[in-house]
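In what comes next, chain A is part of two complexes: it sits with chain B in the first one and with chain C in the second one.
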Partner chain A sequence: MDLWQNLPVALIILPLACAPICSVSKPRVSRMLSLCASVFAVLMSAMLILNVSSLGTSYVYKMGEYGAPFGNELFISGAEASVSLMFSVVMALSLFAGLRRIGQEIDDSRKSLFYTVCMLLLTAIQALAFTNDIFTGFVFLEITTIAAGALIFVRSKEGSLFAAMRYMIMNLLGSGLFLLGICVFYCLTGHLLFPQMKESALLLVEGGRYVRPIAASILLITIGLAIKSALYPFHTWLPNAYSGATPAASSMLSSLVSKAYIFLLIKFLVRAVGTEAFTMTGVNDVVFIYSVIAIVLGSIDAVKEHNVRRMVSYSSVAQIGYIFMAVSYGSMTGMAAATFHIIAHSLAKAMLFPAVDRLSEVSGGNENFRDLRGSGFRAPIAGLAFVVGAFSITGIPFLGGFVSKIYIATAAHDYGGWVMLISLIALAVSTVLNVLYFLRTVLTIYRPGERYPLTRDPSKRPFVTGALMLFVLLNVALGIWGMPIMRLIETSIMAW
Partner chain B sequence: MKKSSEAFKNWLLSGSDPLEEEMIETLSDDAAEEKQAEEASPRAKKERRSLKQYLYDSGLYRPVRILSSVALCVMLIVMLMATVMDMPYFGQADTLVDSEVSEFYVKHTLEHTGATNIITGIILNFRGFDTLGESHVLFIAVCSVIILLKMTPKEEDPFLHVHSDDALDRKLEKDLILSSLSRILFPLILMFGVYIILNGNISPGGGFSGGAVIGAGLILYLSAYGYKRIQRFFTYKTFKTVSCLALLCYTSSKTFHFVTGANDIHVPISLGTPGTIFSGGLLLPLNIFVGLVVACTMYTLYTLFRKGDF
Partner chain C sequence: MLNVIYSHIEEAAAIVLFAIGFTTLLVNKNLIKKIIGFSMMDNAIYLFLASYGYISGRTAPIYVDASTEASLYVNPLPAGLVLTGIVVSVSVTAIMLALTVRLYKRYRTLDIDEIAEFVRKEGA
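Let's turn to the complex of A and B:
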């Protein structure tokens, strides 16, 4: 085994070891420590993805002396490495972009604990990305859930407790269903590691035994994770939670937490159940219907919203719908498109929250989009970031969102029939609606008005500006050179 | 209905539709916009609220909500029952559950881990990564509760005054039965907790259960003697130091185990004589670390919910 193959465990352990140290240090020290750890995580993820793509295949990392089927394992291939890189990048950049706001909005006595929670969140999402074991998935999903709740209520603002309560109720329901699903699956197959689960499940399905419990457990796990990642009818906790948290926390919640759950679901469906069993049980049809509703109604909700942060939050509902729609085709191309859309949407959405925050900061703290007039001139980089993020989510060429929309449409085309028709119509309708609400805001922020000064805001925000510029570059790079990443993801998912 | 058809007609005849009007409103001149915004926003709010209000006021809202949630629960129950009916019976011979995995655990745990308690062998060795995550679940839970409930000292809260140490302790002073009983019980409970932790690898128990016992003992001590007495040996600082050190030691020894195991490096850690306390290699220290974390977590959760501070 080469030395670089230890990188995934280093990625998991480094923030895990930083977390207790953060909790006992002074706020300044823990801020330094968590920033360093997240930057270091980005470097390690980048090294990992370079090595994995040159290796060409996947490999298994035993956690301890005993591998499958007795002990825990990690599984690393191109898709996991790219998702992990995205997680580290988003964590580091959103911490940098939100640093000032964290200082302002979070009480001094809670700052160290905020960084502790961030570090544990980073550990948990990396572990969710790499795990080869469904129960390890559940353990780190618990950490993710509690961490996300803490990120919401750490800001002592009225309404954030209510939002956190709502979030907790919905998410614990999701965790419960997920755990029930695991129990049923374990009772039938006797395994917790993905490859062995798949072997036994195939044996049972082909023999026609216990088909109904298997379908029920797939349904329970899928619905559990769908609730946790806010698929349409279960999205009610989302807007308040995202818009009430501090900007860095909003970025993390929208781009890391919900995406980690969906990636775990994709891994479960492909590696533990097999796409044939998934489509055979009919669970994919349920997911498809909900995702189409999510795409349309999430966008309509966003159009109705005048508060920019809530608008951006509602657009997440629609984008989660896209990802679930791609998953519901049950084909490898669909899963690859979903994984790519996870990356593209996370990079865009994690950029939008700090950008909106900066724009509203130069507009006197107002978040209503009417009040943002001319703010694109006052904060040029934030304006640019908002435009790039909005265009990426809408699906304008040369940006990440365009590539992933093409792949989703291709996957729909491969499926054919009514499903293709409905998906394409939903994509078209949602694109129009995206244009409506994003273009409205883009026009407003670049529209001069007499009451609104057009001179650059004198305050310097080096961290926000730097992080937003990096985000913009990443989005453009993903749009132009997205093909190699897509090919890496596709080949590795085919080989899963 | 009529309104929407009119809007559609307007739009078709290249007139304006409400959304477009709204955009024009937004992009119009300042004075006009200000005036219109003032007019428009209360109106819009009123309309939106009235729709919601209408739903609430119609009298159907509550019964429909209750009925639909009951129906949903019944559906879920029926579905789960149907699933359970189809599941294999407990102990049925031809299932896949009694697979190689459980057989391996039962037959070979002792020889591979040196633990006569198979459960400890599984959770701290074979599936050690899960347990590492699980102890951090406890840690993040306690961090979240501290974020949520711990009061900052400078807060001039009337609640803080009522719940000061003295006020809380004064209530306890009179309870003779509790204090004299816990004088006998507390050392025994503590000793029993330590016993469970130390014997984790040879008899039922381990870090989690032993830590819970110690935590319960600390809670008993607090209830019997009050905050002043327990602060002589257990403060917020103690909690932070102990749990931080225990977690760091736990993480580093598990990392050592993961890395050496995955890279097939043979580590000469003796497994000792099975059945003695000093056996099972790393299991004993791991149990101690887990026990410390659990005990601190238990006590901290209790005191935060009771007083909001240490």
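Let's turn to the complex of A and C:
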């Protein structure tokens, strides 16, 4: 075994080791430590993806050299490595972009704990990306939930405690369903590792035995994870939670937490159930209906919203609908498109929250989009970042969101029939609505207003500017060189 | 039907308990009762797992110069899962209780609708 094959474990252990140190050190020290750890995680993820793509296949890492059935394993292929790289990059850049806000909005006594929670979150999502064992998945799912809840209530703003409470309640309902689902599935298949589960599940389904319990457990797991990642009827906690948190935390909640849940669902469906069993049980039809509703109604909610941060939060509801729609086709192309959209949307959304925050900062702290007039001139980089993020989510060519929308449409086309028609209509309607609310805001921030001058804001924000510029570059790069990444994801998902 | 339920009495009880816990967590207004519902829901799942993991007539898989015959022992994995799960739900319960204490100190009520009303007034 080569030395680089230990990188996934290092990615999990490094932030885990930093977390307790952060919790007992002074805020300055823990800030330095968590920034260094997240940058180091980016480097390690980059090394991992380079090595995995040159290796060409996947590999299994046995923890402590114990094999199945009692051992615990990590499974690494191109898709896991790219999602893990996205997680590390978003974590590092949102920390850098939100540094100043963290300093202002969080009490001094809690700053170290904030960084501790960030490190725990990084550990948990990396573990969710790599794990090959469903119960390990559950444990890290709960760690992610706790860390995400803490990210919301760490800020002592009115309403953030209540938002955190609602977030936790909905998430615990989801975890309960997920846990029941994996227990039933474990009792049926007798395994916890994905490949062995799939073997037994296929034997059972082909023999026509226990088909209904298997369908029920798949439904439980899918609904559990759908609640946790805010698919439409379960999204009510989302806008308050995202807009109540500090900008760095909003980026992490929208781009890391919910995306880690969906990636776990994709892994479970492809590697433990098999797409044939998934489509045979009819669970995918349920997911499809809800995702279409999510796409349309999430966009309508965003159009109705005047607060820019809440508007950006509502657009997440629609985008999560896209991902679930791609999952619901139950085909390999659909799963690959969903994975790519996870990456593209995360990079765009994690950039929008700090950009909106900077734009409202130069407009007297107002978040209503009418008050942002001319803010694109006062904070040029934040304006550019907002435009790029909005265009990427709308699906303008040469940006990440365009590539993923094409792949989702292709996957819909492969499925054919009514589903294709409904998907394409949903895509079209939501694109129009996206244009409506994002273009409205883009035009507003570049229209001169009377209250504030059009000159550049004199305050220097090197970290925000740097992080936003990197985000912009990444989004453009993903749009232009999206094909190799997509091919890497597609080939590795085919081989799962 | 009754026979099946009687021979799987633990699983049937677990599902009933899960349903009670889930509904309480979802619809009850009182935060403490919600947390009790959550604990019930999780414990029901552990009961379900533990009852599947136990095979009557077999002993715990602890090897003390006895027979190495595998059929004498039960599978240790479900018990391990239950233990892990208990640790997870205890920590989640702790964080929920801590949140409830902070909400109560601030709003002097445990009713989630009343808290929502207060929050709306604060925001306005």
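Worth pointing out:
We take it that the second predicted complex is superposed on the first by the 496 of 496 C-alpha atoms of A that agree within 3 Å, B and C clash if a C-alpha of one lies under 4 Å from a C-alpha of the other, contacts with A are read in each partner's own complex, and residues count from 1 in each chain.
Keep in mind that, in the parts below, a contact is a pair of C-beta atoms (placed from the backbone, for glycine too) under 8 Å apart; a residue touches a chain by one contact, two chains touch by 3 or more.
Being a predicted model, the structure only gives us computed values, none of them experimental.
Between chain B and chain C, the partner in contact with more residues of chain A is B.
Once chain A of one complex is fitted onto chain A of the other, the partner contacts of A:Gly176 are limited to chain C, with no touch recorded for chain B. When the shared chain is aligned, chain B comes close enough to touch A:Thr116, but chain C does not. Of the two partner chains placed by superposition, A:Thr333 touches none, neither chain B nor chain C.
By the touch criterion stated above, A:Pro69 is placed in contact with chain B and with chain C alike. In the superposition on chain A, A:Ser299 makes contact with neither chain B nor chain C. Residue contacts after overlaying the shared chain place A:Leu203 against chain B, while chain C stays out of touching range. Of the two partner chains placed by the overlay, only chain B lies in contact with A:Arg447; chain C stays clear of it.
By the document's definition of touching, neither partner reaches A:Ser34: not chain B, not chain C.
Shared-chain residue A:Ser77: touches no atom of chain B or chain C.
Across the superposed pair, chain B and chain C both touch chain A at residues 69-70, 135, 139, 142, 146, 149-150, 153, 180, 186-187.
The residues of chain A lying in touch with chain B in their complex are 1, 5-6, 9, 13, 16-17, 19-21, 23-24, 61-66, 69-72, 107-110, 113-114, 116-117, 120, 123-124, 127, 133, 135-136, 139-140, 142-143, 146-147, 149-150, 153-154, 180, 184, 186-191, 200, 203-204, 210, 212-213, 216-217, 303, 369-370, 436, 440, 443-444, 447, 449-451. On chain C, the positions that touch chain A within their shared complex are 18, 21-22, 25-26, 31, 34, 38, 41-42, 45, 48-49, 52, 77-78, 81, 84-85, 88, 91-92, 95-96, 99-100, 102-103, 106, 112, 115-116, 119, 122-123.
Of all the residues in chain B, the ones that touch chain A in their complex are 19, 23, 26-27, 29-30, 33, 37, 79-80, 82-83, 86-88, 95-102, 104-105, 112, 125-130, 132-134, 136-137, 139-141, 143-144, 146-148, 150, 152, 240-241, 243-244, 247-248, 251-252, 255, 257-264. The part of chain A that touches chain C in the complex is made up of residues 69-70, 135, 138-139, 142, 145-146, 149-150, 153, 158-159, 161-162, 164-165, 168-169, 172-173, 175-177, 179-180, 183, 186-187, 192.
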